[in-house]
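Contents: one structure, followed by commentary.
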Amino acid sequence: MDAEKLGSLERIDRRWIFLILALVVGIAVIVEPVFPDRAGELVRPIFDHLDALPAGTPVLISLDYSPSSAPELEPMAAALTRHAMIRGLPICFISLWPTGNNMAERLESGVLREEYPAAEVGKDWVVLGYQAGGELLAHAVVDSLGARFRSDVRGVPLNELPALTTVTGLRDFGLVISLSAGVPGLKEWILYVGDAGHVPLAGGCTGVGAPQFFPYYPRQILGLMAALKGAAEYEAALSARYPDSVPATMQATRGMGPQAVAHLVIVLFIVMGNGALLWRRWRSGRTA
Amino acid sequence: MILLLITTVLLVALIVRSILLTRRGRLVNVRPLTPVEEMIPAIDSSVASGSPVLFVPGTRDLDSMQTVAGLSLLDQVARACAERGAELLVLVNRSLVMDEARERCRIAYASVGRGDDWNDDNVDYISDDPLGFVARVDGVIARRRPGACFFFGFFASESLLLAEGGHQVGAIQIAGTASAVQLPFFVAACDRTLMGEELFAAGASLSGDAALLGSLVGQDQGKWLVLILLLLGTALVTLSALGWAPAGEVWTVLSGLLPEG
Amino acid sequence: MATLAQREDGVMTVLAAVSTSVDIWVSAVLTLMVFSFLWRDNSFYKFAEHLFVGVSAAYWMVVGFWTTLWPRVIVPLFPEAVTVVRPDAPVGSFEIMALVPAGLGLLMLSRLVPRLSNWARWPTAFVLGTTAGYAVARYIRSDILYQIRAAIGEGLVLHDRAGRVDVGESLGAVILLIGTVCCLIYFMNTRREGRVTTPAARIGLMVLMVTFGASFGSAVMARISLLVARMQELIGTWLGLI
Amino acid sequence: MIRLRPQHLLSFVAIVLVVASFIAPPGGDEPRGVASLFAFADSQFSSWFGVLAVFAFILGGASLLRTHGRRVRRREGDWKYSIVTLVSFLVVLVVGLGKFGGPPGLTGDPFSPEGWLTRIFSSVLSPLHATLYSLLAFYVASASYRAFRIRGWESSVLLGSAMIVLVGRIPSIDSWTDTWPTVFGFLRMEAWSLWLLKVPNTAGQRAIMIGVALGIVTMAVRMISGLEKGQGGRK
């Protein structure tokens, strides 16, 4: 190819980028390609921790998000729920966000009742739901769940819930996980529960929120699921370990298809621009 | 609380002291800010090509210090535009900011004796909705083709939407924001970017006013204080972790004074 | 003939999947109008833009009226007004303090009368005063002192869970501290050339560039998610192709 | 006798609030005497700002109507589109203030699910929001193509760190680098991407935050002392 043509790759009309990106994402949305993944350094510890808990140990999941951030965080909640059900770990859902009850309902109808018809509310999972107070709530329940929660969302008192018979405070849970879309969220759990209460803690967060949580790994949180990719990695670990007990391709893995091709397109354009730049430099170096 | 009080008093005292010293004639040597230095040439080139200058003072209301910093840069930009006869378009998304921006432009134009050239309609209120606002600004950029775009103040995801709009028409773009999340987008898409605290220093730097520049010296002294506190604290904690008990005791006292969370 | 019938049948099945809801059509058409701006400015985009401005400006004004002006000014000053919205609500008492913001607001409106417009400087002076006043202690507390505390953390020698010195993490802590200090030095307003400060500022700028690159790269995923959601809406909900 | 100027009000209000943050801190004891006055200022001033901003809507609305009204009257360029703005603005204003479509009369929630305002929000405003946001996906692509170049060392560093994080987010590639022989273990995408976000990124963000706070305090001092020249001619 002659130099001039290659040089034009350095400054292509950005509308070509737009067009190619739109086409590629559009096609990926229809075709839903699946890219195999594996649990990485940040996600693996959460999976392994949950996988090693003795059956019957309750885990606490705090659904600190709302419908607008659900596309990124709900797949994490679903994957954790499936894992806990397979392992026979009772789950306790709470939330620092007013929208949390609604998010728990979506999990109950979408995952729990759908895929695990034998599981019973109260015994295999409980929804304590939202309580006002934000970080103060997290702080208050470290020693005693009963300090702020009297009953679950259906009104059943805590001492009548079989799932929580072994639980007084947060230290009695095998793991506490905050799926966090903002404030209050994972940061508050780290400061008030993980650091101050010495409770094993893990988290999930959105792509935009992720950079602020990396410093806490691995000393203050044992793992972190960041954005859709984190959820997809957890799903990958789950289907590798229990291929027969979970759906073949889950939510996040499906959503990663368009993501992966879009990232690839962006990376290729950057490489192309730099390649053309280097080529031009090399050529002008030779002629000079 | 005590440490907060001490820090506040100390910082304010340092800044005021520097302002007073500079007023009495102490010379200050302030680092030149490249984005600020390129603002006037950008206005000149707009004048040469007969295109307007666009200014956006962020997308927050007057309760954000970043908006105030953006407006203090508007003072200077408006003066420069008035002197050179450039057409200045200010697009805002808050009514209070609109009022304040008009007032400032009026004063700036009057201060260079061009008060009659100013028309309040050049400051246009669009919509409180940041995205509705951006939709209009991008439209205005595409149609009016400004030669220079200035984005100074708080921006959320609007940053890249604005900067790419301006790039499309080939405007010289100079931006500034203190919001750390949005800086990467401005740095990538604009010609020059005031990063973080530079936004607050830019107005002083552009005005060249001795007292204002003096305040920047005080700010630096405050920063040295921060650095000392940071290094001292780290040293104490590290020594105590290595088993030197006295360091631990000093740190316990000191950390008790620092606010939690 | 059969082929034609088959084809018609095919067209019908495709059409049957397309949404019939007016709201979904409005939303899909507006989406396409905005996307058309990526090609270039055109009359479809102009329409969407002007609609967006009109609707959103009015929407936020309505929100401001019902959530702020009504409960904080109108009801405290005219207690009976509460029954307009909630007929069964108890009527409260007149609150004299609500006169202050109302008065400031009216001064603001003096801008509409050219002769009185200088009065509007008072409410803006009040606003700028609150902005400056709140900022001082708030930023010193949460952004200076708290960040110093977070930066000190657990010092430079870090141990892993088993209590051994974690070399990798400790090295990271040292680099983190050096990076923070260098960035702070880079931003110094009165930078003198020096054996320490000049290279420190250079390192600081490099750390900043790494920061920006990494956050840019990390934000791409969130931005693509938004596009995917839009595409799903168009292709799935509207055209029914998924 | 000093003539009172708006600058005096600015300084007075600001100083009251600074003092209030020390003698009536949030979450402290119930303040008494003079302290309660400061506590009152601290809690009320920001809500007064909210009220003022709503009053200012009248100025903004008037400006909007005037700008577009003039364009229509004078048949300036694109005047037909100004009709769209004017009509939609007035319609939404009337629908919203009159609480059309919801409970009878002016009673009930202005944002009730059956109200027209809610419908306008969900079928007009929210798709426009979402679409404008999604333009960002295209713009990150074009901006990164343009900016991430091996030009100076600054932009090369920017390019390098962005590429590592970007490639680290592509599922199959990052897991492929895991399988590389141990000699190349240091090249693992994930480890690099994690380290970049954890160490230099935190350092940069932290320094920016501390610096910005110092800049803000300095600016506040300049405002209070009346050194900031503009401030609406309050000198």
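Residue numbering begins at 1 within each chain, and the chains themselves are lettered A, B, C and D in the order written.
Operating definition for what follows: a residue touches a chain if its C-beta (ideal position, glycine included) is under 8 Å from a C-beta of that chain, and two chains touch if they have at least 3 such contacts.
Nothing here was measured: the structure is a model prediction, and the numbers come from that model.
Counted by C-beta pairs in contact, the busier of A-D and C-D is C-D. Ranking every chain by how far its Cα centroid lies from the centroid of subunit C, the top place goes to A. The distance from the centre of subunit A to the centre of subunit B, with each centre set as the mean of the Cα atoms, comes to 36 Å.
If you average the CA atoms of subunit A and of subunit D, the two centres end up 26 Å from each other. Averaged Cα coordinates give subunit C a centre that lies 4 Å from the centre of subunit D. We define each chain's centre as the mean of its Cα atoms; on that basis subunit B and subunit C are separated by 18 Å. Looking at subunit A, one finds that residues 14, 18, 21-22, 25, 208, 210-211, 215, 229, 259, 262-263, 266 touch two or more other chains.
Among the residues of subunit D, those in touch with two or more other chains are 18, 22, 46, 49, 52-53, 56-61, 64, 78, 125, 128, 132-133, 135-138, 140, 142, 144, 146, 148, 158-159, 162-163, 166, 169, 197-198, 201-202, 204-205, 208-212, 214, 216-217, 219-220, 223, 232-233.
Along subunit C, residues 34-35, 37-38, 46, 48-49, 52-53, 55-57, 59-61, 64, 108, 111, 121, 124, 127-128, 130, 132, 134-137, 140, 144, 148, 151, 154, 176-177, 180, 184, 187, 208, 211-216, 218-221, 224, 227, 229 each make contact with two or more other chains. The touching residues of subunit C, counted against subunit A in their complex, run 35, 38-39, 154, 158, 169, 176, 214-215, 218-222, 224-225, 227-229, 231-232, 235-236, 241-242.
For subunit D in complex with subunit A, the residues that touch the partner chain are 137-138, 140-142, 144-146, 148-151, 159, 162-163, 166-167, 169-172, 174-175, 178, 190-191, 194, 197-198, 201-202, 205.
Subunit A meets subunit C in the complex at residues 15, 18, 21-22, 25-26, 29-30, 71-72, 206-208, 210-211, 215, 218-219, 227-229, 255, 258-259, 262-263, 266. Those residues of subunit D lying in contact with subunit C across their complex are 6-7, 9-18, 20-22, 44-62, 64, 78, 81-82, 84-93, 96-97, 105-108, 110, 117, 119-128, 130-138, 140, 144, 148, 153-155, 157-166, 168-169, 193, 195-214, 216-217, 219-220, 223-224, 231-234. For subunit D in complex with subunit B, the touching residues are 18, 22, 25, 46, 49, 52-53, 56-61, 63-64, 66-67, 78, 125, 128-129, 132-133, 135-136, 139-140, 142-144, 146-148, 158, 204-205, 208-212, 214-223, 225, 227-230, 232-233.
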